[in-house]
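Two complexes, one shared chain (chain A), two partners (chain B, chain C).
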Partner chain A sequence: MNKRKILATTSLAGCFGCHMSFLDIDERILDLIELVEFNKSPIDDIKKFTKECDIGLIEGGVCNSENVEILKEFRKHCKILVSFGECAIMGGLPALRNTIPIEECIREAYLEGPSVSDSNEEGILPNDEELPMLLNKVYPCHEIVKIDYFLPGCPPRADLIWESLYALITEQEIKLPYEVIKYD
Partner chain B sequence: MDIKRVENIVANYNRDKTRLMDMLIDIQTEAGYIPAGAIPVIAKQTDTSQAYVEQTVSFYHFFRREPSGKYTVFLNSSVVANMMGRDKVARTFEEEAGCKFGEVTEDGLIGLFDTACIGMSDQEPAALINGKVFTRLTPFRVREIIRNMKKGNSLDELSTSGYGGGKNASELIRAEVRNNVQRQGPVMENDYTPGTVLREKLKHFSPDEVIWEIKLSEIRGRGGAGFPTGLKWEFCRRARGEKKYIFCNADEGEPGTFKDRVLLTEYPELMFEGMTLAAYAVGASEGILYIRYEYKYLENYLKHVLEKMRQQNLLGKNIAGKEGFDFDIRIQYGAGAYVCGEESALLESAEGKRGEPRFKPPFPVEKGYLGYPTVINNVETLCTAVKIMQFGSEWYRSLGTQESRGTKILSISGDCRYPGIYEMEWGYSVNDILDMAGAYDVQAVQVGGPSGSLIGPDEFDRIICYSDLATGGSFIIFNNTRDILKDVVMNFMEFFIEESCGSCVPCRNIPWLLKQKLEKILQGHGVWKDIEDMEEWAGMMRINRCGLGQTAANPVVSSLKNFRALYEEKIQKGKRFDEGFNLEKAVIESCEAVGRTPLI
Partner chain C sequence: MKEFVTITIDDQEIKARPGEYIVDAARRNGIYIPTLCNMSGVKPAGSCRICTVNVNGRLMTSCTTPVAEGMEIETISQEIADFRKTVVELLLIEGNHFCPSCEKSGNCELQALGYRFEVMVPRFPYQFPKRDIDASNPKLIKDHNRCVLCKRCIRTILDEEGHHIFAFRYRGHQLQITIDPEYGMNMTDELAQKAAKNCPVGALLYRGKHGFEIPIGKRKYDKEPIGSDIEKLKKVKIS
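== the complex of A and B ==
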């Protein structure tokens, strides 16, 4: 191979569980850093894109305006975007709020929930300009930008992450044995 | 409704859990809804669980969980109803009643609800009010009806437009439904005296000979799937079982179909005789007419016909003097579920369960109702079988085409001068039929209902027969003023989303996704990829368990095939991706909720 591929990752409305699963590739991470160079990613804590990347891994769905912005940044700077994990693919747990009117969610979270009902006496709601704005619902990534590949799982298994990254990096076809695509 | 009364109803059906549908229908009819308190009582009495009863109750559209008004209006929302002015009628209902569709007025007097095609496509817009059919509604009539409701008048008093023709006017039906028989053929010819075949022919024909005669006629099932009837009877005759059942499928849920309704109204004796003939052929002792809830207004009449046939020894013991030939029929109502037209779902429903199709094999002819060998035939098939026995297979084979013998009763509706029932020999072209129905400036015809195909003028020379355009009878005409994607395809997709039983993942999800895509295209956000996605995803529908699920993407598939230009002219050229996401719109709600100005 001529050149190491450049990889970026992020967690939007996710729990970082997919990144944890990513770390579960264990000692293969040593092989990985031979193959790729990390750019914007929590793995190396680079906050802003400094290079054009080959592959972007997206964990989590899109729940606020900041997520939208980051996701669009990723699309701009990455040749290939991969939704990894259920939240990125379908919205996942955060999307459970999609059936509840947002006003009710906010009321429960800041005014009436058992953990806040007596600690937020002034009834303050998060409305500072600095804060991201919540979206009307939690969107899967592919409803905001074009996504090229999807890695299912909650989280996707480390082996699946490794296999698919390896295939993408080495530009080979991914091996998908039966055990990997069978879920129940 | 008190517990005693529920217990009584359950006892009326011997606390038999397979009669759950009947119990629930009785409760629904009496109380106007299924009170939550009734469910544990039924569960206890039938020795099932609450969950068991719940799952059945929750499956059917006409089982209401809440009081739904002293007068419950179900206004048809099918495509033909919309074309015939449903919008104005619906708005008048809302204005006059003072509540929206899906709601009940505060005083509990009137409830307004949508419902899928109620089998009145030739006289839309139509509604069911407490089970009674009101056809050809107009804003004026709606105002009249609501005024009468507010006066507390009876249902009969609400009906001001007189009774329809034929038996519809009889004392036992008294419905304003019209038959609109535009063309009679051999099946609907009034050349038949009830009981002739049972009395005259069975003397000379053994059961095997009856099957042979039916096989020779080459008649195929008239419900839509077209399975050879003689073969079905033969399989069932050969199947081993302590007893056997004959079912008549009168679920007729395919939007735009209403021919069974006319047969049930005008020729019930013929149909029941067909069931009896089938029973003789396969050796069955019990028959069940499974009929959709929408046709409940025919109940008393059909029961009366059965009673009359028993008195004439055309049902009961030693039928028509044939020693040892015992057979009787009961009526089983559904409660509003399109999928129950699928034969195995129909059986599940008749057994008191959710109408979810079974895996096949085994086929019903081997393991059907309650596990016994069962023949399930369409109303029209059974009527035709009697005529075949009366005039012989040779006569029947002389009608129609080489591979589609006999006639087909078409239900024609939509933009034409003479909507109604047409009995035609197979082999006519679409053009012939359009001429006959008085249809001009035709843009498209939906043949075989939403699950069939949508064809345009360049295919109007195609032939109605099994090898070209097969149909269960629905024939909906759209003229040039109709918006095919918005008015037709969208309506059909909404229908399939509503009516999926939810068992198979593709049927549960893909129609919904296709509708999203279609909406996106209609809003101008479509790209080339959307059309490709729709085609690819629709292909996954073939792994669904039942025939209805397999065809539930057909409105999209068929319009993509025959009206592709309509899609292509709406998509954005040269743009590869557009999900139509609008950040500004997406944050409005939350910013309002916390009191901040959106900052984009």
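== the complex of A and C ==
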């Protein structure tokens, strides 16, 4: 066996559901940690890349400036990038805002929505340099950087994640069963 | 008139009924040609192009082309496989298909075609067009984000006096389905249900029913690809 592959994961504009589904591989996670070493990932809480990685898993689309930065960093440090989940692939539910002008979204969220219209009397909009800037729309990851593989699903089925990851790690070809390719 | 004509589909000789469309002849013989806009027994519209096959060296839509003596038809080739995938991808990016929040998910023919042809991601950029949802009809919700303009509703939904309930309006990329304000208001529950059922995607939703009633795993295309029922026909026949 070659040396262990190095894996990094992140959640951009996602809900962490894809990561939850990843954990849903159950006891196979024990096999996985024999095969890989995690680097930057919420799974081991490593915040910054400390090594060059073989595989990067991206959950979530790109909705703000921080997402762009992290995604580009992943592209720089990972040999293979995988978009996993509908949000990474097409923006997902956050992209429901793509047909609404950004100004209207912000007005609704902070000034006019039923839950804020009374509580934000001064009409404050979040505007701090610590906060990432919202993008005009939510972008699929492959419109920002090159993505090598795509695993659809909301979330992608645990079996799809496992089979694909296993094939990538062991450098084998993959034949996916019909039931694992789903868009929901 | 001759009783039958002989055609070949993928090197298999088939006896077809004169006047019958290629797609139907193929299906009766256990050969699945994907369709989306077409409904068996209904006058074809030829709007989606996914049923395209190679007839005597030319690409033609099999739902609109009647069989003719000696036709040589090819339904399996790299060219056709790629063509089908392209059609699905174009339809997915052209509208707003948020499958995770769609009531038709799991029972949707467009999605099922995506699964069957292993569309992991469309090769074209998502358009995110601005389209509205029309909930003005008491029986049906019409979601233009998901409509594939297949005309099934136009062709199959008529009231008892034969009035069409659905029609197209506008042109080009603004083309959309509209419900007749008068006949649409008087639509029976049965007819509204039929419209929702005949719509291959989640563009027409019947208001009298809750969405997401069938659990994941039990929906139409969860376990078996679209077209499996037709292909099973073949297996039975051979054995």
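Throughout what follows, the second predicted complex is superposed on the first by the 180 of 184 C-alpha atoms of A that agree within 3 Å, B and C clash if a C-alpha of one lies under 4 Å from a C-alpha of the other, contacts with A are read in each partner's own complex, and residues count from 1 in each chain.
Here is the rule we go by: a residue touches a chain if its C-beta (ideal position, glycine included) is under 8 Å from a C-beta of that chain, and two chains touch if they have at least 3 such contacts.
Worth saying up front: this structure is predicted, and the values here are computed from it rather than measured.
Engineer: Give one of first, second, both or neither to describe whether A:L135 is in contact with chain B, with chain C, with both, or with none.
Structural biologist: Touch partner of A:L135: chain B, not chain C.
Engineer: When the two structures are overlaid on chain A, which partner does A:I102 contact: first (chain B), second (chain C), both, or neither?
Structural biologist: It touches chain B, and chain C stays clear.
Engineer: On chain A, which partner's contacts cover more residues, chain B's or chain C's?
Structural biologist: C
Engineer: Taking the superposition as given, does A:M90 touch the first partner, chain B, the second, chain C, both, or neither?
Structural biologist: second
Engineer: Counting only touches as set out at the top, which of chain B and chain C does A:D45 meet: first, second, both, neither?
Structural biologist: Neither chain B nor chain C is touched by A:D45.
Engineer: Just to be sure I read the superposition right, which of the two partners does A:E143 touch: chain B = first, chain C = second, or both, or neither?
Structural biologist: both
Engineer: Touch check for A:N127: first (chain B), second (chain C), both, or neither?
Structural biologist: first
Engineer: On the A-aligned overlay, A:V68 touches which partner chain: chain B = first, chain C = second, or both, or neither?
Structural biologist: In the superposition, A:V68 touches chain B alone.
Engineer: Could you tell me if A:E171 is touching chain B, chain C, both of them or neither one (first, second, both, neither)?
Structural biologist: It touches nothing on chain B or chain C.
Engineer: Shared contact residues on chain A, chain B side and chain C side combined as an intersection?
Structural biologist: 137, 142-143
Engineer: Quick one: in the complex, what on chain A touches chain B?
Structural biologist: Residues of chain A touching chain B: 65, 68, 102-103, 106, 125-129, 133-137, 139, 142-146.
Engineer: Residue numbers of chain B touching chain A in their complex, please.
Structural biologist: Against chain A, the touching part of chain B is residues 576-577, 579, 581, 583, 585-596, 598-600.
Engineer: Which residues of chain C touch chain A in their complex?
Structural biologist: Where chain C meets chain A, its residues are 96-102, 105-106, 111, 114-115, 118, 120-121, 125-126, 128-131, 216, 222-225.
Engineer: In their shared complex, at which residues does chain A touch chain C?
Structural biologist: 83, 86, 89-93, 95-96, 98-99, 137, 140, 142-143, 149-152, 154, 176, 178-179, 181-184
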